[in-house]
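A, B and C are the chain letters, set down in written order, and residue numbers restart from 1 in every chain.
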Amino acid sequence: MKRRKVDLKALPGKTAQEVDTRLPVATPLRGMLNKVFPDHWSFLLGEIALFSFIILLLTGTFLALFFEPSLQEVHYDGSYIPLQGVQMSRAYETALDLSFDVRGGLIMRQMHHWAALLFMAAIVVHMFRIFMTGAFRKPRELNWIIGLSMFWLGFTEGFAGYSLPDDALSGTGLRIASAIMLSIPVIGSWVTTSLFGGEFPGEIILSRLYILHVFLLPLILLALVSIHLGLVFIQKHTQWPGPGRTNNNVVGERFVPRYTIKQAGFFMLVFAVIALMGGLFQINPIWLFGPYEAAVVSAGSQPDWYVMFLDGSTRLMPAWDIRFLGYNIPPLFWPTVVLPGILTVLPMAYPWIEARWKKDKASHNLLQRPRDVPDRTGLAAMALAFYLVLTISGGNDIVADKFHISLNAMTWAGRIGLLILPPLAYYFARRLALGLQQHDREVLAHGVETGIIKRLPDGRFVEVHQPLAAPDEHGHTDLPYVGWTVPKKMNRLGALGPAVRGFFRPIEQPAPPQQEEQPREEITSGKS
Amino acid sequence: MTPDTPRLAAGAPKQRSRVRRRLNSALRMFAALVFAGGIYAIVAPGGAQGAAPLTPAAEAGKALYDVSCISCHGANAQGVEGRGPSLIGVGSAAVEFQVETGRMPAARQEAQAERKDPMFTNDQARQLGAFIQELGGGPQLPEGEDFASKGDIARGGELYRINCSSCHAFSGGGGALSSGKFAPTLEPATDRQIYAAMLTGPQNMPVFGDNELTPQDKFDIIAYVQNLKSDSDPGGWGLGRFGPVTEGLAIFLVGVVALVFAALWIAGKS
Amino acid sequence: MSDTNTQVRDAAGVDLDNPNLTRFDIVREGARRDGVEIVHYEAQYPPGSKGERRMTRIVAFFFLLTGIMSTLFVIAFIWWPWEYELGPHASKYYTPVLGLTLGLALVGVGLGILTWGKKLLPHEIAIQERHDGPSAPEEQKLTGNTLQFVGEEMGLGRRPVLKWSLLGLAPLGLAAAAVPIGALIKDPHHPDILFKTGFAGATPTNPIRLMHDDGTLVRPEHVSTGGQITVFPNIPGGASNHHADSPTLLIHLREDDAAKLNGQLYTINQGSTWSSFVAYSKICTHAGCPASLYEQQTNRLLCPCHQSQFLITDNARPIFGPATRSLPMLPISVDKEGYLVATGDYKVPVGPAFWEKD
């Protein structure tokens, strides 16, 4: 055999060619490398959820190596002294073993739980951003619906995880969940006994929640995450308006290298925050709660924060029982089944509701600043107020206890607040948006306040304004409002530095490429 | 339908506790009879309290009582309508608890007297207790300061969870009750104070007399509570052990805020 | 970007074999063919400048931090005492030390990568044209016709028998649904689990004794006046979660409160109290939590889950919060041997309400 010399330098190129002859990837790969993503801090909120999800999969797999979702009764003999000899389920025992008898098990448990809280928090904050900026509009309605579905899937996934260790809080939560299922008219009792395999708690529920928690729901979430990201890829990310940015282009950085590097770095930071919280802040100390026993409960029993708004709605619900012909609909039904139903359907339909309301059927790739759509901003504030009142009410006993307020007063404050605060929030947010918009328009019409006060011959004082363009005979400038940042200070205009043409200070001045000329004012991204 | 249910297969300790409970109740019955007879013997013939001479401690207590308590609880601790209840029969345990935790003397009439800096030293509180005890009898605390070391932590945990955690929370941090009342935190409570609270059921707390929780049960609970307080958290800072409420706050105030700042640094601002 | 500009460049084209092209020129040409125009590409620090060296040092520092912290993590993971000890002990810092070292290691790698990408890589602005919107009308027509053609070829319209025979496939879906539903479904009424508790079967002649959680039987003197205890049916597993609907609160009322209660008992609760003792289900009628926060002076029971409050001296009637139903009362008495017994099951179903529960 003839010995061939291996040219190491040519090896990557040669390998690439070999791959490409089998799988022609050169063109699509380059297209991906060159794909442009816009750059804005608010576009990174969804990534927090994505990265948390990856960490959840990793830490969850570790936990599954040690956890056993069994309700078999055992006597604890692990190293946590205050529970030794106590009768408990095998699930609770293995969860304790994970915390005390597996090296590094506790930090993995805590990271998993913090990552779950962060996952849900990031989803909520991200959805709020999407709503406030109008990113859900045509053509992205489908992704909005997928996102909402993922919220509810994450909600269920989180609740299942909260239930698995079979500690006193888990069991209390499950018991309430069974009561919620029972409250469904006509089929409630059938649904409950079927899911629990008999009467609460039965012996099978943890196994069912486990397969849901570690297989079915993560699988569906993974599929939806892929579709979610795929749609962002295909439809291209939305961008803020600004010079050079139109409905038909994307201005930003290419996927490789800068965008990818930023994503990788951000992933590490999300991971770091979860690791730090997992190590430094204790979460869900199940050993303090004790095993679940039907007769045991603790003051201040709460679900995790993302379930708390439904707990709050349940606490605020007046005692209204509907009874007829020997049947009844318990009060639990309305805040825990009907309300989530409304909270799912209404936002899912919102893109079409708004399109019809605003008579806007066009495709939108440019975002809107919250101030530019006062009605929607008002609605968002209204939703936020509604949500906050419910969430705070979900912990109203803790608030009452720690701030020395009457518990009954907290409940009434929640009931009244739930009716009064959202409309108030709508009004104030709308006025705020209009005011901010008005101020922007004022600057466009009259210029920037200079801080120079001039006394007129007739004794009046006026502030000198720096117009942003050559004024007409009335001293007004007729600049179009494009829905983007307007300079409000003189130094933004470069008054303290070299003057720059145009009314946005282009921080990203295009360096004229070697051969051709680029008109400056068109290429600025408006970053400031 | 026998007392020996299968659940008792759990083991010897429970058997023992049943025997103990029976033995205790028999003893208590005997003691109560003797005590009642004794009281009757002392009180009935004379027809007036104070016939028996007070011990020196009770004398000292009476002196304190006459200065600080008499205006609300009356000359012979029989109470003053609308100001303070009768203290006949409350026992020294109740007095010691109320005085040592600063709840008495009360600053004003409230829905619930709160723990504050005590006006008397523990010795004075015991003197007051002795006085009330000798005046009207009632539950008394066992001797000693350290009850925790006599108890079994794990059994105490079981008893704590079924009897106490519903109001005082799994962490002993307390919780809200109806209409502005609350179960206080157990953080500052000493062994004797916890024992006295169980024994006498101050304010809205139910009474856990020696019939419900034997003295050994109470030692177990105290052992669990004191261990709960002194055992440091293995998972980092406990966030006040409030449960999911503070955890939810932390994820937003720490996690989300930190990452939003990171995002602001990574990408453009506006 | 202006279209004219792009077209001009298209026309110009770039000869990739031109030896004078820099690699960046080729990159730019590749991007251009992908509809991406790199309009700004500029190093933030001139090569070899002080700023660049400083940034390089910062990146190196972060990576070094990661190296040190990861090493410390491994050392702590192996050698730090980790097994649980009661009270303050070094093992209580095991998890915090792991979190701190791992977190800082990740902070290091994250900030290092980001500084590298943000400061050492040239700043760029690229513009990509969007090519979305509907497909060309011609494309729509072609695809639409293809699909319609397939439909016609299947010929359902021409072959009515086939159309009807498709209905015959419906049971296949039923078969698929039947297995999971049929396996999971459980009749809540046979046996009648929702209406019965562990006290089922108790009668005045054949009562079921009450017991503590440790299995000892309950005598009246076990509960002081103003006290309460949790009791269970004295049956196998009576205190376990197999009888999660059976925990009962046995309350010893003060004489005057007992008189008040006995004076206003509901018809269904008549005869259920014994002396000044009353037993209520501990399971809240709202959502099933143990409603067990007993206030002995105000005679209220509070449920810690949703703050329903029940008035003990009035049939445990709900007086605040979302609960609508009184806590069921267990009929109790004392047997010949002096033990407290249940003389019957709860007369209304225990726990949260449901459709069939009146």
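In this section, a contact is a pair of C-beta atoms (placed from the backbone, for glycine too) under 8 Å apart; a residue touches a chain by one contact, two chains touch by 3 or more.
Please read these numbers as outputs of a predicted model, since none were measured by experiment.
If you sketch which chains touch which, every chain touches every other chain without exception. Among the pairs A-C and A-B, the greater number of C-beta contacts is found at A-C.
Centrality annotation: C (chain centre taken as mean Cα position, compared with the mean over all protein Cα atoms). Distance from the subunit B centre to the subunit C centre is 36 Å, each centre being the mean of its Cα atoms.
In terms of their C-alpha centroids, the spacing between subunit A and subunit C amounts to 16 Å. Rounded to whole angstrom units, the spacing between the C-alpha centres of subunit A and subunit B is 46. Residue positions of subunit A touching 2 or more other chains: 81-82, 100, 106-107, 110, 262, 265-266, 269, 273, 277, 279-280, 293, 295-301, 397, 407-408, 525. Residue positions of subunit C touching 2 or more other chains: 84, 86, 94-96, 99, 114, 118, 213, 230, 239-240, 290, 292-293, 302, 304, 307, 309, 320. Residues of subunit B in contact with two or more other chains: 10, 158, 162, 166-167, 175, 177-179, 183, 227, 231, 233-236, 266. Of all the residues in subunit B, the ones that touch subunit A in their complex are 10-11, 13, 153-155, 157-158, 161-162, 165-171, 173-180, 182-183, 224, 227-228, 231, 233-239, 241-245, 247-252, 254-256, 258-260, 262-264, 266-270. Residues 1-2, 9, 30-31, 34, 36, 38-42, 77, 82-84, 86, 94-100, 102-107, 109-114, 116-118, 121, 123-130, 132-133, 184-189, 193-194, 213, 230, 232, 239-241, 243-247, 282-283, 286-290, 292-293, 302, 304-309, 318, 320-325, 351-358 of subunit C touch subunit A in their complex. Interface residues of subunit C facing subunit B in the complex, by the touch rule stated above, are 84, 86-89, 91-92, 94-96, 99, 114, 118, 208-209, 211, 213-217, 219, 221-230, 234-240, 290, 292-298, 300, 302, 304, 307, 309, 320. In the complex of the two chains, the subunit A residues touching subunit B come out as 39-45, 48, 75, 81-87, 99-100, 106-107, 110, 114, 117-118, 121-122, 125, 168-169, 240, 262, 265-266, 269-270, 273-274, 277, 279-285, 288-290, 293, 295-306, 308, 391, 395, 397-398, 400-402, 404-409, 485, 525-528. Taken together, the subunit A residues at the contact with subunit C in this complex read 30-31, 34-36, 71, 73, 79-82, 100-101, 103-104, 106-107, 110, 139, 171-172, 175-176, 178-180, 182-190, 192-195, 197-201, 235-236, 244, 247-254, 257-258, 261-262, 264-269, 271-273, 275-280, 292-301, 311, 314-321, 323, 326-332, 335, 363, 365, 396-397, 407-408, 411, 508-511, 513, 516, 518, 522-523, 525.
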